[in-house]
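All chains are identified by letter, namely A, B and C, in their written order; residue positions are counted from 1 within each chain.
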Amino acid sequence: MTKIGLEIHVALNTKTKLFCKDSTESNSPNTSVCPICLGYPGSKPQLNKKAIDLAIKAALMLNCKVRTKFWFDRKIYFYPDLAKNFQITQHEATIGYDGHFSIRNKEIRIREIHLEEDPAKIVYTGSIENSKYVLLDYNRSGVPLIEIVTEPDFSNSNEVAIFLRKLIRYLEYLDLFNSSREGAIRCDVNVSIEGGERVEVKNVSGIENIKRAIDYEILRQTTLLNKGEKIKRETRHFDETLGITIGLRSKETEEDYGYIYEPDIPIIKINEEKIEKLKNEVGELPDQRKERLVLQYKINNELATAIVSERDLADLFEYCCKEINDYQFVAKWIGNYLKKSLNWNNIKFSQSKVTKEKFLEFLKDIKNNKINEREAKELIKTFVDSGEIVRVESSKEDIQKVISEFYDEISPSLNEKGINHIIGKILKKINYKADPKELKKLIEKIKEEKSK
Amino acid sequence: MKIKEFLEKDAKTRKEIVEKAFEEAEKIQEEYSPFITLNKFDGKIEEGKLKGIPVSFKDSICTKGIRTTAGSKILMNYVPPFDAHVVEKIKENGGKILGKTAMDEFGFGSFCINTFIIPKNAYDKERVSGGSSGGAATLTAKMSYPHIAIAESTGGSITTPASFNGVYGLTPTYGRVSRYGLIDYSNSLDKIGIMSKEIFGIALGLEIIAGKDPRDMTSANVPVASYSKIGKPNKKLKIGVIKNTEKYTRKEIFSEMMNKLQKNNDILEIHDVEMNTLDYALYSYYIIAMAEASTNLSKYCGLRYGLQKEIEGNYNEYFSKIRAEGFGDEAKRRIIIGTFVRMAGYKDKYYEKALKVRTLVINEFSEKFKDFDLLVLPSTPNIAPKFKEVERIEPIEAYKFDILTIPPNLAGLPHLTIPIGKLENMPIGMQAIANKFEEEKLISFGYIFEND
Amino acid sequence: MNFDEIVEKISKIARINLSEEEKKRFSKEIENVLEAFSEIDKINANVEPTFHPVESEYELREDVPEKFEIDPFENIIKENIEITKDGKYMKGPKIL
């Protein structure tokens, strides 16, 4: 039997770092730094309130119990990326514990969730083996992370992948996590096979690599066991290029960390009302909401999934459905066309300049044929980008010019279908920037003239 | 010249006096070496509560643009990019930075000999100034012009040197003064305080530097009194003399302390009390202080600031080489002991137990303060020793010298050392301990003995 | 306890090279210190540990970015600075 457990590190979606005011966004190396995240003598941590709120929300999302009193610990180990050569983390009284998160029909137990600071980024000047020295970028030093520790409840890499995808989807829905950030999700993976000791693969980035690392480990360990060899307890490193794990001469072990309480941060107390408030903010979770939308609005599963990919998008959907009772129409425009445009621009709805009110007006205009659907599909692209419907009507001259190109095709015997066909061609030529009804009138006028 | 007298002078006269004070400091430096770094007077006299009074800072307090070493070779050329909270406050009030005073490396010592610039006692150059804020005490005693010293105490680093040099020394409540910009020795014990030749200097200094600062999460949100307006007590103070300190103290010191108290029995109601936790406090203190210190010193590894070499070898080799070269004997000793007491397998017996003993000490003090305004005991067991007497002292014997100063420091309680006379031509002192945030009582009490 | 071994082990964990003389001296001194510290083992302390001697109201920081004016290379020797096309880096010792 294979047992797999995860320690998942997720960068929280805050504007500033965990203990200082530096921005979590930066362009060039070592520009978003200050004495605190550089570990200068005399600097002290200033705990970010938002990071605590987000971590509690994540704990609630994972059905964890939330501590009303918790503190931070110092984990002491030397490493070039660690500004103070200790990490401020939570060892004893974590923010959340005893939770669960289900995938399909399986429940994965969550042992605990805690808050900690990210180390700096190491840039290798060559390969790990050959470089004479490394380069350090402290922009990442101090970025808030949550670490989610699961029980060893997974049996294969597929379950892990499904779990992580759902986890990311949920974290994004609650705006706890920004997946576009570099190195935003990292895992330590524990794999053990019956008859062998537990092996830990450290710091694997991205779901695909995590899957590969697990599959490789299972294969490696099974092969060893079949050969009658022992599997010793160890820490390994996953080489992304080769797709294999390599034994690490371990740095510190758990016994060597010599944890102490973090003396620069008081014990943090959270009252029940605060937890209740955050619980309300978490509210309905994506899968529950999807099921409800399918039932309540009779929309298909695929569109509902797209709509709940982001909480603001789902809110927009329900907002528009209050005024437009063609739910299929609203679902199609939000779950399909709007979602595609957002993806194209690589932004979330909340980051676009489109307001709920303007989008509703836009849908109404389509519904009332003020804008034709084909034009609307074009308009939505710039709408997402600028927040405005930029509708450039073609000038009368331009329209006349294009129509004149089709003059020969407009015969007196032209039927309704033929007229519509020509309208379609004209619209395409002028990027749909004309009212089809007006075009029809113009075409009919020519038809009449010709029949005289 | 008295501080009050100085403050009444016009700006031009004050400027002349400040110039002379800076000159005097230079002369004192030649004979007694109280400074690690001497500053130059910029010739500007500002208004504010200090109106130009020269202020010295212990060298563990960061001063922007002025070298700050904390008495360690590992920070020999370190120039901080920011001012400590207390430096900002002093500057805002028109104080002039006179220089950075000598100290035991990172505060590790009771005699101010564990460093590269060793100050001499103001009363006998063959004797120690006391540790760890030795430079501050010698300087305060020798300055004839107005001067206030900002020092720091972790386990007695204000009381011991102040008492050895016959000046007042106040260690405020833990959290009363922000530690932002103080180079950490032991974060849960470090307290910035003041030395002066006058009680008024102590009161004025405290009034300026006390108060909440968001940059130190452990700084207290408790209103700051107008300490400089306080005088002698206006009602009788109930005093508990900690009687079981007698056995640790030279007979003459204890009896002189009793004499001084008895002489003022019109305003003091004197009782004997016993502290049951006295002996245990010493060990609890050293365990906590060393555990925290050993983690604080991790950051000094030859990266970012401080002692550096061209990067060579792997991180273990590079860090180990720099740290071996940069740290002095006592720092190394405390790192080793501090690492040991928090190591898995020993942590419960030492570190965790020490934190519980701290609770016992705090509880005992709380009980006492239900009955007494102040607790009084001698400042040090003996007068300042000669250099040759402490050169080869066993570390544990040196630590035991702090037995009298540790209890209030461990409990984070405010205490004041008061010069009470001479023994063999060397100053002796007594200290009073107040309940938390009751610095006013200490100041009132101090006035009783001024000019006595 | 074998204090020679303990000092040897800790010098590795704490990343401090010690000379043979230092190891010998420290292990003797530290043995004495730890023996004295063991005194607290005798006390019955059935109480909660105290992390901070004085508890106080704390403030959590709002999530609003603010730039700190600092040149992070100011205190670094020039040999340990590297400028690449991406920007400026500090050099650090290699891992292996």
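Just so it is clear, a contact is a pair of C-beta atoms (placed from the backbone, for glycine too) under 8 Å apart; a residue touches a chain by one contact, two chains touch by 3 or more.
Since this is a predicted model, take the numbers as computed values, not measurements.
Participant: Taking the mean of each chain's Cα atoms, which chain ends up nearest the overall Cα mean?
Facilitator: C
Participant: Could you see whether A-B or B-C has the larger number of C-beta contact pairs?
Facilitator: B-C
Participant: Could you state the distance in Å from the CA-based centre of chain A to that of chain C?
Facilitator: Spacing between the chain centres: roughly 37 Å.
Participant: Cα centroid separation between chain A and chain B, in whole Å?
Facilitator: One centre to the other, that is 52 Å.
Participant: From the mean C-alpha coordinate of chain B to that of chain C, what's the distance rounded to whole Å?
Facilitator: For chain B versus chain C, the centre distance works out to 22 Å.
Participant: Going through chain B residue by residue, note those that touch at least 2 other chains and give them in order.
Facilitator: Residues 78, 81-82, 188, 214, 217-218, 294, 298, 301, 303-305, 311, 315-316, 319, 339, 343, 355.
Participant: For chain C, jot down the residues that touch at least 2 other chains.
Facilitator: 13, 15, 51-52, 56, 58, 61, 70, 72, 90-96
Participant: Multi-chain contacts in chain A: which residues touch at least two other chains?
Facilitator: Only 35, 38, 46-47, 78, 80, 132-133, 136, 256, 258, 261, 263, 266 qualify.
Participant: Considering only the defined contacts, which chain B positions touch chain C in the complex?
Facilitator: 77-79, 81-82, 173-175, 188-189, 214, 217-222, 279-280, 283-284, 286-287, 294, 298, 301, 303-306, 308, 310-321, 323-324, 327, 332-333, 335-337, 339-341, 343, 349-350, 352-360, 362-363, 394-396, 399-400, 410-413, 436
Participant: Spell out the residues on chain A that touch chain B in their complex, using ranges where they run on.
Facilitator: So the residues of chain A touching chain B come out as 35, 38-47, 74, 76, 78-80, 83-86, 132-133, 136, 254-261, 263-266.
Participant: If you look only at chain C, which of its residues touch chain A in the complex?
Facilitator: The touching residues are 13, 15, 51-52, 55-56, 58, 60-68, 70, 72-73, 82, 84, 86-96.
Participant: Any idea which chain A residues touch chain C in the complex?
Facilitator: Residue positions touching the partner: 14-16, 20-23, 28-31, 33-35, 38, 46-52, 71, 78, 80-81, 122-123, 128-129, 131-138, 252, 256, 258, 261, 263, 266-268.
Participant: For the complex, give me every residue of chain B touching chain A.
Facilitator: Chain B reaches chain A through residues 61-62, 68, 70, 75, 78, 80-82, 84, 179-184, 186-188, 214-218, 291-292, 294-295, 298-299, 301, 303-305, 311, 315-316, 319, 339, 342-345, 347, 351, 355.
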